[in-house]
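These notes open a run of structures that come right after.
Two complexes are shown next, each including chain A; its partner changes from chain B in the first to chain C in the second.
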Partner chain A sequence: MATLRLNALRKTYPNGVTALHGADLEIADGELIVVVGPSGCGKSTLLRMLAGLESISDGELAIDGRRVNDLEPAERDIAMVFQNYALYPHMSVADNMGYALKNRGVPKAERRRRVEETARLIGLEDLLDRRPKQLSGGQRQRVAMGRAIVREPRVFLFDEPLSNLDAKLRVQMRLEIRRLQKRLGVTAVYVTHDQVEAMTLADRLVVMNGGRIEQVGTPMHLYARPASRFVAGFIGSPAMNFLNARLDARLGGDILTLPCGTRLASPIPASGEAKTVCLGIRPEHLAVVPEGDVIDGDLSVRVELVEPLGADTLVHARLDGQDDLVVARIDGIRAVAEGDSLTLRPDPGRLHLFDPETGQRLAPMEPECQHSTCPA
Partner chain B sequence: MATFQRHRVTPWLLLTPQIAVVAIFFFWPAAQAMLQAFYVEDPFGLGRTFVAFENFARVLASAEYYRALGITVTFSAGVALGAMALALLLAVLADRVIKGAGAYKALLIWPYAVAPAVAGVLWGFMLDPELGLISAGLGALGIDWNHQLNGGQAMALVVMASIWKQMSYNFVFFLAGLQAIPRSLLEAAAIDGAGPWRRFWTITFPLLSPTSFFLLVMNSVYAFFETFGTIDATTAGGPGGATRTLVYKVFEDGFIGYDLGSSAAQSVLLMGLVGLLTLLQFRYLERRVQY
Partner chain C sequence: MRYRRRGLDIASHALLILALIAFCLPVWLAITAATHDQASLYTGTAPLWFGSEGLGNFRAVLTEPVGRLGTDVTRLLLNSTVMALGIAVGKIAIAILAAYAIVFFRFPLRRLCFWLIFITLMLPVEVRIMPTYKVAADLGLLNSYVGLILPLIASATATFLFRQFYLTVPPELLEAARVDGAGPWRFLRDILLPLSKTNIAALFVIMFLYGWNQYLWPLLITTESDHMTIVVSLKRLLSSADNLVPWQTVMATALLAMLPPVAVIVLMQRYFVKGLVDAEK
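Up next is the complex of A and B:
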């Protein structure tokens, strides 16, 4: 149980490479923070700095208000679950779980009691005498969790703990981690590159890119109001469509004009001269319009690829004047074939505009996040 | 099936060079030694008499033989444990080196390329009672070093020279073993509150046990057989038999004393002893190194 404060945390390696360009973050007691980003974005470095496995080049890290920059991993009272589980292969499950307690001089009887109690909590009672190599991937994962839990640490750190499991087990363990973390009420930082895992687990999400924090907020806030084109493209699956457009003031309102000639009402006012913008529309916010019902602002596309998922069907279609195919998520019942012409209608309330140069969000900006640390 | 038939000869052809080497340089001499152990032969090889187990009986009844056995045990234990402990220490240190790691490793592996006799001469020279630099230094400290007179010092000298020679071999294996331990295990242990010392003894050392076991077998065999050159070049079994190990005694009795029958019987016994030792190590130690 603890709060964490990261103040301009920075990591520069001796060879001059900067892995983290000053991270600021406040983590509340009992909160589950998920750090998500592509490979090499610095998320693992950040986690390892919290653990004390990497030194902090600059900035301050505080646990419960106390600066811990220079403390050894052992002195920070944190527990970590590694991607490869890092179970001690020469020890039984019980010894693996009890190792940290033993290092702290907890008496044998007390150690045994706590290991057994934790084993019951996560369903490992029957495996306590086994060696790690006698366990399945899912069971090893559980032991790694148990080893973290039994210590009753102030903070849990998870480094992509589910990435070595098969898809079905991953979904199951994801729910279990969430359930356990809430039940134990321990502050947790969870690193993953899987945005579905990130969305479903997080109290708050931290999206990282190129060693910088792009945005912090609740999963739904990031989904609804991505602060940058990067976040917009990273959160949500399939990824948001980005279209080239021009924004200018016309008689009767501000208008977005697509290269194909389609005009849409702009969600933000145009300022001054006409300018190029990047229009973001999520696949689920494009609806198929029945023939004869077409109005101004609808997009007529030609279907190039159809991916039926069962409940939904993903349609990849060509829109004149755009480099990439437009993806739409439509009802699975509708019969669509490759080569069909289709009319799609964007949901006018869910358009996102980004600056094509900086990638920053242009509109609309109203904040709806309750956390004080969320950027507006 | 036809293809399989056609290739019946090829594997044997491919194996022939290896088999020939083993047959000519191991099986044949070993068979000769075994045969010879049952005969008494005159020094010039002109005639021999079958004596059944008399050679063995004589060897096993001689106090000299048991003395050599005791010396061998002391010597082998000293060499095997010393060479392994020092190699492990060096490997742990070399594993932490980042800059110039290649150069360090090359330098540490170097002694392995030195012939045993050369290693012996080298150490004998450094510790020579009259000329040696180290013995002069020891003299300044009040230690009167003379391995030509002092049996204990002679033993120390051959142990040191043999350790120095074998350490490189052990170093290579320990270093490889250390590098095969996943970093995350040691990181997990650090987070679990184990300091460097504790991490080494509770994680690194147990995880090295397959390597250590393998090296224990190899070092025992080395100490039993391959140190002949080192001993011959430094102390020649002396003074007064203080460094006469079993393998040295085989040589002395056979090629200096020309008692070929006894020498052959001793070498058969030595072979059996090392075989037994290896078997015991595999049976009792290997079980404990599995994880």
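Up next is the complex of A and C:
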């Protein structure tokens, strides 16, 4: 149970690679923070710096308000779950879980009691005498979790703990991790590159790109108001569609013009002369319009590929007379075949505009946030 | 692929049996000769069956001073055992620590250290024996166990083998141990050593044999019989220029000299074979 403060945290590896360009973050007590980003963006580096396994090149890290930059991992009172679990192969499950307690000089009886209690909590009672080699992947994962829990640390750190499990087990363990974390109330930082995992687990999400934090917020906030084109493309599945558009002022409202000639009402006012913007529309915010109902602003497309998912169907379609492909998520009941012509209507309240050069969000600018946990 | 052909079967079995005879006959002759008295060994034919002495020759060499050696074989066996154990244990302990430092610690000139150790692989004892002798003599180590053991106690081979093993240990294991509050010594004791158990057993056997079979160095550094090793003594028993060689004594001593290495191999072979077959990690 602790708060964490990251202040301009930087990491430059001895070989000159700067993996983290100054990260600022405040983590509240009991919060589950998920760090996501593409491979190589510095997620593991950040986590390992929190753990004390990598030195901090610059900046300050504080746990409960106390600077811990120069403390050894054990002195920071954190527990870490590794991607490959890193269980001690020659020790039984019970010894694996009790090793940290043993190193702290916890008496044997007390150790045994705590190990057994934790084992009950995560359903490992019957496996305490086994070696890691005699366990399945999911069971090893549990042991790794148990080893972290039994110490009652101030902070849990997870580095892609579920990536070696099959899809079904992953969903199950994900829920379990969330449940345990909330029940124990321990602050946790969880690294993953799976954005579904990130969305479902997080109290707050940290999206990283190229060694920088792009945006921090609740999953729904990041989904509804991505601060940059990168975040918009990274959060949400399938990814947001991006189209180039021209924004200019017209009589009776500002207009976005797509290359295909379609015109949409702009969510932001045009300023001065016309400019190019990047328009983002999520697949789930494109609806099929019944024939005869077509109005100005609808997109006529030709279906190129259909992916039925059951409840929904993903339609990959090409805008008429254009090279741009858009993806729409439509109701699974509707029969759509490749080669069909469709009309899609973007939800006018859910358009996102980005600066084509910087990728920064243009519109709509942050309104007051609907989610209580959103940062100010 | 397994061929079943009669001719091949017979030929391969014949070869096996020949090889077996080549190995076993000398040992058999030694055993039988050790049970004869001197007179019956000088009749011109080697005896193929046990003689009149029974275990008498063994009892004699173990309890009474043997010929010109001036001491009994019990003492010689003890000396050899101390030397072989000292060398085996010392080599393994030093190799473990050296490899641990090289693999898990970052210190200046780490690579240089490793290569210096590595190139000494190319320097067998015999090459540096004269300077080593001079140093040992100056330090007053002649006729002492320390003198027997110390110059042979570092092993580049063992260091190299442990290094290779340590490199296969996943780095996360070290990190997990650090998070769990294990310092360098704890990590070595609780995690690295148990993991290298089989390697240690295998190396112990090899190094014990190496120490036991040392000849040149003990020959140089011991001049008195109370620190003489059994391997050196065997040779001295044979070189009786004026007398007839007491073959029954030589054979009994030789057989006794074989026992400790055999015992070590038999005792350790369970771990040893395991270490060679499945690298339990």
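Quick note on the criterion: the second predicted complex is superposed on the first by the 361 of 376 C-alpha atoms of A that agree within 3 Å, B and C clash if a C-alpha of one lies under 4 Å from a C-alpha of the other, contacts with A are read in each partner's own complex, and residues count from 1 in each chain.
Following the convention adopted for this analysis, a residue touches a chain if its C-beta (ideal position, glycine included) is under 8 Å from a C-beta of that chain, and two chains touch if they have at least 3 such contacts.
As the structure is a computational prediction, the values presented were derived from the model and not from experiment.
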Record, for the superposition on chain A, whether partners chain B and chain C clash or fit.
clash
Tell me which partner A:Y88 touches in the superposition: chain B (first), chain C (second), both or neither.
both
A:L53 in the overlay: touching chain B, chain C, both, or neither? Say first, second, both or neither.
both
What is the contact status of A:Y13 with respect to chain B (first) and chain C (second): first, second, both, or neither?
neither
Determine where on chain A the residues touched by chain B overlap those touched by chain C, and list them.
51-53, 72-74, 78-80, 82-84, 86, 88-90, 99-100, 103-104, 147, 151
Contact set on chain A toward chain C in their complex
51-53, 72-74, 78-80, 82-84, 86-90, 99-100, 103-104, 147, 151
Tell me, which parts of chain C touch chain A in their complex?
170, 172-173, 175-182, 186, 190-191, 194-195, 280-281
Which part of chain B faces chain A closely enough to touch in the complex?
182, 184-185, 187-195, 198, 202-203, 206-207, 209, 291
Which residues of chain A touch chain B in the complex?
51-53, 72-74, 78-80, 82-84, 86, 88-90, 99-100, 103-104, 131, 133, 147, 151
